[in-house]
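Here come two complexes built around chain A, the first alongside chain B, the second alongside chain C.
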Partner chain A sequence: MKVKIKRWHAVAQWRWDTGATEQDDADGEEGDVCGICRVPYEGCCPSCKMPGDDCPLIWGECSHVFHMHCLLKWIGTAASKQQCPMDRRAWVTAERKVGAVNPT
Partner chain B sequence: MVSEGLRLQVASKWQESFRHLNRREPGISGLVTFSQAWNIAAEFLRPKDIDVPNDRIYNEHIKAAFDTVNRAKRLPVLLETFIEDMRKKFSLVQHDVNQFMAEYEASQNPQIVTKMLYRVYTYKQVWSPPEELGSGLLSAYTRSFRNNFFLTLPTSFSGAFRALCASTLPSSDALPEELNAEPNLWYIFNILGLTERFEGLIANVGYDYIHEYILETCTEQWAEPMLEGVKEKMSKQIIPWLLSIYGRGDLHSEEAHAMLQSVAPKFEYHINKTLCTLRTREIFDIIIDFPDSMGALHDLKECLQRVDQRENLVDALRKSNHKRLLHPGADTKLILSQYVATIKCLRIIDPPGVLLFKVADPIRRYLRERPDTIRSIVANLVGDDDSGDSLVNENEPIHPLQQTEVEDYTDQQWEPDPIDAGPEFRTNKPSDVVSTLVSIYDSKDLFVKELQVLLAQRLLAINDDDTEKIDGERRNVEILKIRFGEAALQVCEVMLRDMSDSKRIDTHVQSQLPLVVHPTVISRHFWPALEPSDLVMPGQFLELHNQYALEFTKFKPDKKLRWFPHLGTVSLEIELEDRTVEAEVPPLEAAIIELFSQQNEWSIDGLVDATRVPDKTAILKALLTWVNLGVLREESETTFSLLEVAGDVPVGSREPIHRPTAAEPELPHVVSIQQQQAEQMRMYWKFIEGMLTNLGALSLDRIQMMLKFAPGYDRSIEQLATFLEAARREGLVVVRDGIWKLNR
Partner chain C sequence: MASISARRLAKELTEIKTEGCPVGINIVKADDFATWWFTIEVMGESLYKGEVHTLQFRFDSQYPISSPAVQFVVTEGRQSPVHPHVYSNGHICASILGTEWSPVLSVVAVCVTLQSMLASCKKKERPIDNDRYVRHAPENPKKTRFHYDGMISSSTDARILANDAISLVQTILYELLKLTVPSCNPPVFSVPYTDHAVINRCLYSACRSLALK
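After this line comes the complex of A and B, so read on.
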């Protein structure tokens, strides 16, 4: 017998590839939240209405991840002193190392 | 002894009387003529048996006698004597009456009563003193005759008289002219004083006639207004009848018309009342028939303005609602549509809405308790109604939801509430149906959540290239936005965008690497929680998953895909040795058939391990789908094998259960609102448990207060009480005097 798939309507969910390993992700079903607005990464920052590409994430050299809009707003304030809000190190936006976290 | 004075007094009286009667005639000749005249007159008047021939003639001779009596001012005494004589003679009448009544009772024929009345009338005519004696005498006679006559009547007479009156009524198809057939009869009634004495009874005959007529013509005739027709009919039949009664047979006398002025409104009132009572009794079915029962509704409205039966209407409707609608046997959809019809109907009958308010309250309370009310309403809103019978009129303009307004104190057009409005009555402005339905619940959030669940199910069920359906959903959401507000439906907006994004991404992925899989990629947090599944797709399916995920990540470098393997549908073509079977099945079915392509025989336990779906019923169901398609065969209770060649079904094997060829397209498993709430409550249970452990026993109020500190806690105290009650039934907590503590 041969099973031939003619068409498959599947359902999937997208996730930000935050660099967390697949294992962590599966366990922490709730997912991580943005350290500034406390909204999950896959949600959107308070000023946005649409998640995903319209409200992307930003990665720091310090390994912290935020909603881009949240971080830019933070950096825009004088109090921020251009530091990462989590560890007070100077904020440097990291290059995405796409291949590195994608073993397949 | 008699004193001198008294004697003198008697003597002078005697003298005076004598003089009086003697009229200054010589000797006692005056007295003699008087006594002769008296005898003549008394004899003339004395009632006699009318069957004995009697030629009583009022001639000069008798007239002279009466003159004599009159001159002596003895006429009143004569009258008294006459009346007394008549009373003695009335046994004749009594005898006749009894005879006739006995005959009537045997035959029940009203004609006998007519005969009797004619007979009595003859008595009265024969016995009557001549008119020349003055109207005073005549009327005294008439009065006395009537009184005596009434005394002779047995109790059964009123029934007989009623039957007689009824027989004079025009039957519904008789022409009005025929009414005049027996004007004499009415004349006799009048002479005998029956019209006055039995006025109520005659009226009742009329009322009964109206009653029967209305019941006969109007029962279950709701399409057209009947009131006008009935009134017209009545004015053609009852009015002439009344005229013949009061007009003493003369249809055009002034007096009759004057009489009618006072009687006709009573009859009109009775028409209204009867019709009103009838319609009140039928109201539930009238509402069911709406809008084909407009006529009845308008009638009812008009009747209610004249007759004060609003309370009855409310009572009747509440009772029938309770009996026929608000019970577990009724479908929620049915209740809703009846409720909507009730709203529409009662708005016609009573525009201010007082009746509606009173009737709607129990329905709303009942609906609030039904678990699937919201679902039904929402399903209806988005047109997901199998019956196709939408609650909402599509031609109606769409309004934003109306909140119950606080009274506007500056309103110049303000009018007080109607008098029978209760203190809780709120004039809800003639708002649209959806607002009314949504206002069954305190907040519209529940609706929005349910909408979301429903939309999710529908969107996930859409097959990828069916853009028309997605457009349909988008239109729905746009309409709902107007009702519920933009912000509330933001989530739905994201869901719709996910649909179009998925399509766009898929087009791109297909252009890079053509694959048969076309996923819908959804945004977490914006869709209702989807039931997780442990299903692992085997073989080529897993391959496809991985290939697609890779392409996706190439296209969107910072995103990755997480599959919901158990959702969606697969179109398969199964190539067997002698045939090919095409089927559209859920993923679990596909996974199982894929496993059979690796190995010809599987046990259910083996499949549970291979698919990692612990639910044996689900597996069995999937297997049966293939059995029904003739691809698999049930070897034993727990093992199934592949049928490479059709028809080699072993003898004695079970008849396959016939089912439609395609596996039933199930709606995707979206966690329902109730499940979500139960899930949340489980979290709060942790809090409650902690609280009761640390603080010992607590009252319900106290627990509620403490829980309010928990983030996102939005339950009412009633909901909490229900929850605790459930916990108590499970033996987790105990309650005494309203104090809850852990059961240890």
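After this line comes the complex of A and C, so read on.
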């Protein structure tokens, strides 16, 4: 028997590698949103229209994650005192190690 | 208007409507993304038992990057609670509304903080500089540069006394200044007593204006 594929429809899913384990994910959806705009990491910040590489995440050395645009907006204000919104420690952007936690 | 604030506030409102407010906090009105009202009540034993106060939140288009303007409502028969950090015009001296604001905070988080500020109060009294502050206070409390004092209700605290003395000096100078320079600016409110530079500037400009006359 010969099968001829006439048409196919691919579906893909993506998500940021936030270093969160499967177990962390099971704890609830709360951890999956940007603390500043409350939009999921895989969504985009309120200033952007398309999620993805144009609206990336930013990691702090304190381990907190935000939409980069949201965090930069906050850090750009004098009121922020350049502190992480979560723990008020001085914000230091962490070197991003893609795949370091999850070598796949 | 799809501003940052509108999107974030819409999310907060949905959350409040689906999950409800914490005990003692109720939504009065949130018809737009500019002004919201909540009632707050301290549950259990406290100096504010049986009192219901109304909190007003005003948001600008940059919320939550910029803090909301929060105060107690003192019109329509509503009163501000008598508390060492709450002025009779409804303005509140709380660090999270000023220098300690963080964009991860929310309207409900602010309500809960203020509720616990009332719950932990040991003595019902107005701030020491209430009359002076209320006389010159800006309409929007965000325009006030409050001095946050960690210790509440210790009226013998040297810092408060020093601050009060400075306030008094400022008020006298301001009154004097107004006689000579009608267009002068009101003094800086609640200057930390360590901020000598501000006081010196104030004294210097006052003396100069008086000397000129």
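Rule of thumb we're sticking to: the second predicted complex is superposed on the first by the 81 of 104 C-alpha atoms of A that agree within 3 Å, B and C clash if a C-alpha of one lies under 4 Å from a C-alpha of the other, contacts with A are read in each partner's own complex, and residues count from 1 in each chain.
The criterion applied here is as follows: a contact is a pair of C-beta atoms (placed from the backbone, for glycine too) under 8 Å apart; a residue touches a chain by one contact, two chains touch by 3 or more.
Worth saying up front: this structure is predicted, and the values here are computed from it rather than measured.
In the overlay built on the shared chain, the residue A:Lys73 is in contact with chain C alone; chain B does not reach it.
In the superposed pair of complexes, A:Ser47 makes contact with chain C only, with no contact to chain B.
By the touch criterion defined above, A:Arg15 lies against chain B but remains apart from chain C after alignment on the C-alpha atoms of chain A. Touch criterion met: A:Leu57 reaches chain B, while chain C stays clear of it.
When both complexes are overlaid on chain A, the residue A:Ile5 reaches chain B alone and has no touch with chain C.
Between chain B and chain C, it is B that contacts the larger number of residues in chain A.
When both complexes are overlaid on chain A, the residue A:Gly35 reaches chain C alone and has no touch with chain B.
Chain A has no residue lying at the interface with chain B in one structure and with chain C in the other. Contact residues on chain A toward chain C in their complex (touch as defined above): 35-39, 46-47, 70, 73-74, 77, 79, 81, 85-86, 88. Residue ranges of chain B in contact with chain A, taken from their complex: 460, 463-464, 490, 493-494, 497, 501, 516-526, 530, 540-541, 544-546, 548-550, 552-553, 556-565, 567-577, 582, 587, 590, 593-594, 596-597, 642, 644, 668.
Chain contact summary for the complex, chain C toward chain A: residues 2-4, 7-8, 11-12, 64-67, 99-104. Remark: chain A residues 1-17, 31, 40, 42-43, 49-53, 56-57, 96, 98, 102, 104 touch chain B in the complex.
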